[in-house]
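Labels run A, B, C and D following the written order; every chain starts at residue 1.
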Amino acid sequence: MGKRRSTAHPYIPNSARAAKEAMLREIGAASEDDLYEDIPEALRFRGRLAIPEALASEPELRRHVEGLLAKNRSCAESLNFLGAGCTQHFVPAVCDEINARAEFLTAYAGEPYDDHGRFQSLFDYASLMGELLNMDVVNVPTYDGFQATATGLRMAARITGRSEVLVSRAVSADKLSKIRDYLRPRIRVQLFDFDPVTGEPDLASLEEAISNETAAVYFESPSYLGVIPSCGDDVSATAHDVGALSVVGVDPSTLGVLAPPADYGADIVVGDLQPLGMHMAYGGGHAGFIATRDEPRFVLEYPSRLFGITSTSVEGEYGFGDVAFERTSFALREGGKEWVGTAAALWGITAGAYLALLGPQGMRELGETILQRSHYAAKRLARIPGVRAPRFRGAFFHEFVVDFSRTGKSVTRIHRALLRRGIFGGKDLSSEFASLKGCALYSVTEVHTKGDLDRLADAIEEAVA
Amino acid sequence: MKDIPAIRAAQGAPRLRDFHQARWDEPVIFELSAEGERGVLVPETEPGIERAVGDVAASLPRSVLRAAPPALPEISQNRVLRHYLRLSQENLGADLNVDVGQGTCTMKYSPKVNDVLARSPKLAELHPLQDEETVQGILEVMYRFEGFLKALSGLDAFSLQPGAGSAAVYANASIIRAYHASRGEADQRREIITTVFSHPSNAACAKTAGFDIVTLHPDADGYPDWKALQAAVSERTAGLMITNPEDTGIFNPRIREFVDAVHEVGGLCAYDQANANGILGITRAKEAGFDLCHFNLHKTFSTPHGCGGPAGAAIGVTRKLARFLPVPVVTFDGRRYHLDYDRPDSIGKIRPWYGVAPVILRAYAWVRSLGPDGLREVARVAVLNNNYLLKKMLEIRGVSAPYAKGRRRIEQVRYSWADLTRETGVHSEDLGLRAADFGVHYWTSHHPWIVQEPCTLEPTESYSKADLDEYAAIIRHVAEEARRDPETVKTAPHRSTVHRNDPSPMDDPRQWAITWRAYRRKLRETAGSGRRKA
Amino acid sequence: MKDIPAIRAAQGAPRLRDFHQARWDEPVIFELSAEGERGVLVPETEPGIERAVGDVAASLPRSVLRAAPPALPEISQNRVLRHYLRLSQENLGADLNVDVGQGTCTMKYSPKVNDVLARSPKLAELHPLQDEETVQGILEVMYRFEGFLKALSGLDAFSLQPGAGSAAVYANASIIRAYHASRGEADQRREIITTVFSHPSNAACAKTAGFDIVTLHPDADGYPDWKALQAAVSERTAGLMITNPEDTGIFNPRIREFVDAVHEVGGLCAYDQANANGILGITRAKEAGFDLCHFNLHKTFSTPHGCGGPAGAAIGVTRKLARFLPVPVVTFDGRRYHLDYDRPDSIGKIRPWYGVAPVILRAYAWVRSLGPDGLREVARVAVLNNNYLLKKMLEIRGVSAPYAKGRRRIEQVRYSWADLTRETGVHSEDLGLRAADFGVHYWTSHHPWIVQEPCTLEPTESYSKADLDEYAAIIRHVAEEARRDPETVKTAPHRSTVHRNDPSPMDDPRQWAITWRAYRRKLRETAGSGRRKA
Amino acid sequence: MGKRRSTAHPYIPNSARAAKEAMLREIGAASEDDLYEDIPEALRFRGRLAIPEALASEPELRRHVEGLLAKNRSCAESLNFLGAGCTQHFVPAVCDEINARAEFLTAYAGEPYDDHGRFQSLFDYASLMGELLNMDVVNVPTYDGFQATATGLRMAARITGRSEVLVSRAVSADKLSKIRDYLRPRIRVQLFDFDPVTGEPDLASLEEAISNETAAVYFESPSYLGVIPSCGDDVSATAHDVGALSVVGVDPSTLGVLAPPADYGADIVVGDLQPLGMHMAYGGGHAGFIATRDEPRFVLEYPSRLFGITSTSVEGEYGFGDVAFERTSFALREGGKEWVGTAAALWGITAGAYLALLGPQGMRELGETILQRSHYAAKRLARIPGVRAPRFRGAFFHEFVVDFSRTGKSVTRIHRALLRRGIFGGKDLSSEFASLKGCALYSVTEVHTKGDLDRLADAIEEAVA
């Protein structure tokens, strides 16, 4: 035991004594302690860190961490219907292969020359998303859809010079919390209603709330409650009428079959890339996109990096680099737009690969398959006495609200019964929306087979009986 | 029979690497499209479902349907993979090169075993809304990891929610705002003080959070200016947000006095500990009196940088600020772990769910693989490496390490090539690009560009003496070449994947093109206008 | 604003790739050693064990102990990884290039999803001696996969034990030997007949199995010579071991007659189906009358080649030979799968355990992803690709496809550059190495070198029209360059990782060095003898 | 459903109709069928392949295959003591990373220039093994240790021009079967005994069997029964005395602490690389090494490829290529030595990485740790009434024979009880060696903690009670 203590650590080459001594000699220091000369004694931590002893060998480390992970029960081992902003889709093996490549995984911020691959793959990504969204400008991803939304709204405020945004009530409480925190310093957040029957944006409520001070109207397709707005152009027109921008959050996995928001008047389109090839990873698969038309008043308001294409000193060679870098906080500190930093580039590369793999046909088929499966699920559930599915009449894609309120059983109780059968029921909405007590949001995608959906229906039938 | 090692030894000690980066000359992905090719197939709906629901898409309102399929390319799986594998080779990556040139970014070794653990389906296939009972393992990891950070900072409560360092800085600014608001001083306390050699995000994020920014410049020795700080604090001061050691590698020995002065006027102090690698277990936020701090998991805690994320960060606060942390927080009742949402004073959500779980898991594993002694060894060797490289660098003619002459540096050094530029007309950027011809590079540092012709080197603990010797030899060669043959340096890189960009489109709205479709359109427009002009 | 796609289009259609392979100039791994560095640590023994057993090594007899630790290098984990990642980039690999130049090797796309499945701990962490009850899944995969091969060959029983194609050929030779021995004819039947364009292993493995080899040469049209076969068969004939289509890509239309003739004299016929990719579901061993066959899983069934293995192969036989198959075989009782060792007539073991399980799993998954129609489509498109490339190649001046003029080929074509060599003095090998400067290559085929200045191209189904057009354009360019600028071709490669080897040490025992230690020793010896001489 | 039938398959780009038509036009064929003109109708298979329909989408495929794999219970989920030629060691993550690299995984047989990485990493491998084995020549791996042994013996026969080999009885029945099959054509295989008490080679039995016709004497360290021969030099000397070669099979994971066979007179050393960084993979992790001194009479008898180092046209550049290629069947068909073909190169690269990671210190510590753990296990088992462990008195490394015969219970019965407790007991030797009825071979390595070993002992104690 003791004998190994002097062993160099595999991650710290110069913890080997020979190197250490040679280097100390070279720099003329007696020990590493001398190098901390600028840290006053009063600031020195002289205790022992309250951290467990090292598991220095890989087998010990793996045994420990895998032991912890074994306490989880994953969606691979269960049948999952949770969505609500993080969706279980199939992840092609090629996506994982690409984002596991050491070069992509461990690169960071090299130049366009030595990191050409990063620049090109993110340009490829933006270009693929541009087609999906029918937009000419797409950012290098920001952290997640929440951030993309909040930034999209701040961009709108800067572009219009106004300081109020109208947000559909059919967004998640969490996202609304993020928006409020992020806009608080300068921008008022007002809500407008959704129609209690269809779940679509309530145009009357919007008209009532909108004014000349409105910078942006924000709504989603599908909404948090799963509903696809059929009146997108009316909402956008209402915004445009008062000089506001239409900001739309969209699930990109829908766009093989559903119209891109640009087609119904969106000026700024935002959302999350997680459905496009990222594992859920307990919420670790998120990345935010922001897309606009190619107009300087939009482009110059992005805080994110934007990669553009150019020529190089070699004829026929593609080069890539930063567009309008002087916008950023890297260049201007507090004078830049919000800030830029490490975000979620690897998921941008992955989403690009996903779109390239799926192609136009694949994205269409994905959408069709999901529509059929989710509608089948709703139909099956609707046959269960006391269960209403979908709760709203508006069109839906992969998610829909299931109303258990007439079963006489709480969502908690029903879901506990499902859990015992290895099924993760959808997100309980009871406390999130006063009007949706006894309701839950179910997500059905291409990963669910008919057998899975029948199993769900049977289990619910038993649970509510 | 040739003695190749002897020949190589005669070619230099250390010998310059005869390098060329992979160059695949790949088209943009749209150019790979071939009609009808497919990359992956989607499961077909079973007949039983089709029979039950028919053609659902057709039944939706016309207005919601996409008119034409998106103009994505059609490419076989093999070709998509080949494209991205080739692009991957056209990237350096910390795994591939001696990545000490991205100073301030703490490019260190990201152990592969931690990646393996993070990719386990036991984590990858967890939905963040699963019943707590089914996610006890990952909650335990989060809870324990917060404990490690408490030990490393001395602060009382942590949240792992922020998606990266800047998001953490923003969250801390939000907490400062919430704190003053809770005391009815929101309108009064509008100023955040920072230093110019603190990372730019301290200024930018605080500004985004609604504050006015007061920036302190260094004194003649390069230390944050104590007089300037005294002049800056007032009843308008909301807080101090500061990096230490600063991006120059210089540690502010009066940090405690700075903190006390801000406290004196009622402000809070947030410690940007993204530069903590060199001081792990050596000095902490607590001893310096800070109220808040943050760590970057993708820097100090070795999680990979992913071409610029996903990353992760942690914010820590003293007891009195704990109630403002983002929701939810992980709690432990002695038996089970929970997510506590019932926190009325919280600033709310910073990002979806509870943080970037795979990054947290990697950071957890990294700490466990080192233990308390290993963490201190990380810091000590990082500082040793930095001062060794400093010594080697200063032997090169034309470079200097401005400020704090003769003093040791902590985690990195901001160097200046001003002398060499004066002498040769070759700029720091050129030198960095020429270094790329030998398989390494450096960048010219982010704002502030006060240090002339800067570069920032940060060797961390991950590189060996031989690595640092090689790096220094390359830089020496390039600097000497700048005198001997400046043209070669100014036109570099010559052995990277690609060559110097034409920068002109990048700031010109008529030419810039951020997507392929925009590029094609502008080419058409230019061609059209060209024709019209002709 | 430059129209780069237009410039590229003007540079050729298809344009030649402006390629350079990664070049890291890495030392030999021993040169990376630094005293005291460690790559991974081994678990320490717990104190409880130490207390109980003490220092076990010290208690062993002196004679069994190693005197000094092995002189392995000492390298940190980061540096070991970096070394191998760099070396990996210095490799082409089927994933990276249009790999049609390794003709006869069926370089095809190895789907990533199959790798993921093969790496599952549910397979990777299985011990081959586990109780049958705990390995029902992998046994089922093996059993079912044998069923697929029965369908594809029409034969009755399979073993998946051989580690690669040649091992399968050997096993088949062993079965032929066992069969004749079982009839008391072991000493009489000493001859295996093969054709010169069957893969060399048919001759080599049969020889290793103790047979004498009779090799048939092609007739004037390049088909196996029917007259020669008739002359070769006799009561000494143990069997026929033959590839079809042969390595020239030519299918022997009289194969049934060959088989019948061998049967007539009491011999057995083994079909080397390693070239089956172009005939999957089109024609089978059964219809041609074969008694035995083998498939290469790493060729036809897409499992990756791994720099030369691990690979996998399957041997199939008719009912009458089933009892000779290697032990054990997988059986199914309608409820459970078993390993049957009780086979007294078996030739015994060919390799440890039951075959290369991860390779078998990949092959299984590949078949399942294609189904019966997909497998036929594989064959049809492979043949289409081959004949398309043949058309493109024959448009190039200086190349020919010897034999069977004007006939279609199946899976590959052996070409000849004899005309070009005569004209320019540039050899086929030079052309292949020059092609490497554009990111592809070809090899000059293995034995027999009857076709002058050969190369063998096999596009399989994995490559698109655009890929084949690019490949043909590169070969055309290189061939034209051989006329225009032969020196450039003869000194190629110029843009690969490294340059032409000095071949002289390779066949000289005083100079060859197969390990670093041998190299260092010989350098010392040469230096010594040099000194002595001087 | 039907509508997708015309879809191109992702693995077959030219199954897309457009490409197919263009190509057929170009080559002047009406359909692919025309291209099979040389295949007579009588040979055409006109039926439908009896193979299940495609699972063309990845999620369907994965669900199916993972469903099959789920029926396995792995050593990661259990406590395993099986060895007997396939050993559960810890595999460093870096080894898996390296052999998963697309370039290594999918390369094959490129030139020394475009596959420089493959050549160098296999030269590195051979060089590292050379140090471990104290030998100057190491081959590019052959299939597995069985093949290496059988080839080593044929090499010895060719080198000596003799046609009989003596093989220790303490080898596995399977390996002996392989040796017999492989040597049958030309070489007689005779056995010599091991000492029933120590388990070491019985020198008297060897003396008796050896003669001027003996080409080679083959024994192992450790033997199949786990025993480390302390009389290696006596065995080698006995062989050398009659002009035979000493061929030794060795477990390379022992060589951090145990003497390499070259040090006790071995002329040809053979074995399996599986312990050096390969997963067991149900027997898929094997690769065979053969090592000799650097003398032409040895080198020219290898069937495998041998990679050597050389200079290139660029000063200071390392080049690698084939040594003495004209030996091989690639060059000479039946005139070559045995044959060469695809074997197990990737595991050679991996084993090289493993040795580079472990280094001299790691290999020593690995050996010490294994020795301590296995001896602890034996000690614990020996305390159980009726259990004898180790059965042989000779020194042992990771494996030892446990004798249950005096417990009155069969190995089968005891092991079934262990299996119920999630423990895989060692290999039952009852039917393999007449003298070892009621015995089993247990393997203990660095992966077993004290807790694991105590658990085993407790479980056996219960099972035999």
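Definition applied: a residue touches a chain if its C-beta (ideal position, glycine included) is under 8 Å from a C-beta of that chain, and two chains touch if they have at least 3 such contacts.
Keep in mind that this is a model prediction, so the values were computed, not measured.
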Item to check | Which listed pair, C-D, A-C or B-D, duplicates the contacts of A-B in over half of its pairs | outcome: C-D
Checklist entry - If you tally the C-beta contacts, which comes out ahead, A-C or C-D? => result C-D
Item to check | Rounded Å distance, chain A centre to chain D centre (Cα mean) | outcome: 46
Next on the checklist: Averaging over Cα atoms per chain, report the distance between chain B and chain D in Å.
Outcome noted: 44
Checklist entry - Which integer distance in Å separates the CA centroid of chain C from that of chain D? => result 19
Checklist entry - Where in chain B do residues touch two or more other chains at once? => result 2, 8, 18, 21, 25, 27-28, 34, 37-45, 50, 74, 76-79, 81, 85-86, 89, 95-96, 109, 111-113, 115-116, 462-465, 467, 502, 505
Item to check | Contacts with two or more other chains, residues of chain A listed in rising order | outcome: 4, 7, 9-13, 19, 56-59, 90, 92-94, 96-97, 101-102, 309, 311, 314, 317-318, 357, 361, 365, 446-447, 449
Item to check | List of chain A residues in touch with chain D within their complex | outcome: 4, 7, 10, 57-59, 63, 90, 92-93, 97, 101-102, 357, 361, 365, 446-447, 449
Next on the checklist: Applying the document's contact rule, which stretches of chain C touch chain A when the two form their complex?
Outcome noted: 2, 4, 7-8, 11, 15, 18, 34-45, 47, 50, 74, 76-79, 81, 85, 111-113, 115-116
Checklist outcome for this item: Seen from chain A, its contact residues with chain C in the complex are 1, 4, 7-13, 16-19, 56-60, 92-94, 96-97, 102, 309, 311, 314-318
Item to check | Residues of chain C that touch chain B when the two form their complex | outcome: 1-3, 5-6, 8, 17-25, 27-28, 31-32, 34, 37, 76-79, 81-82, 85-86, 89, 95-97, 109, 111-112, 439, 462-467, 502, 505, 510-511, 522-523, 526-527
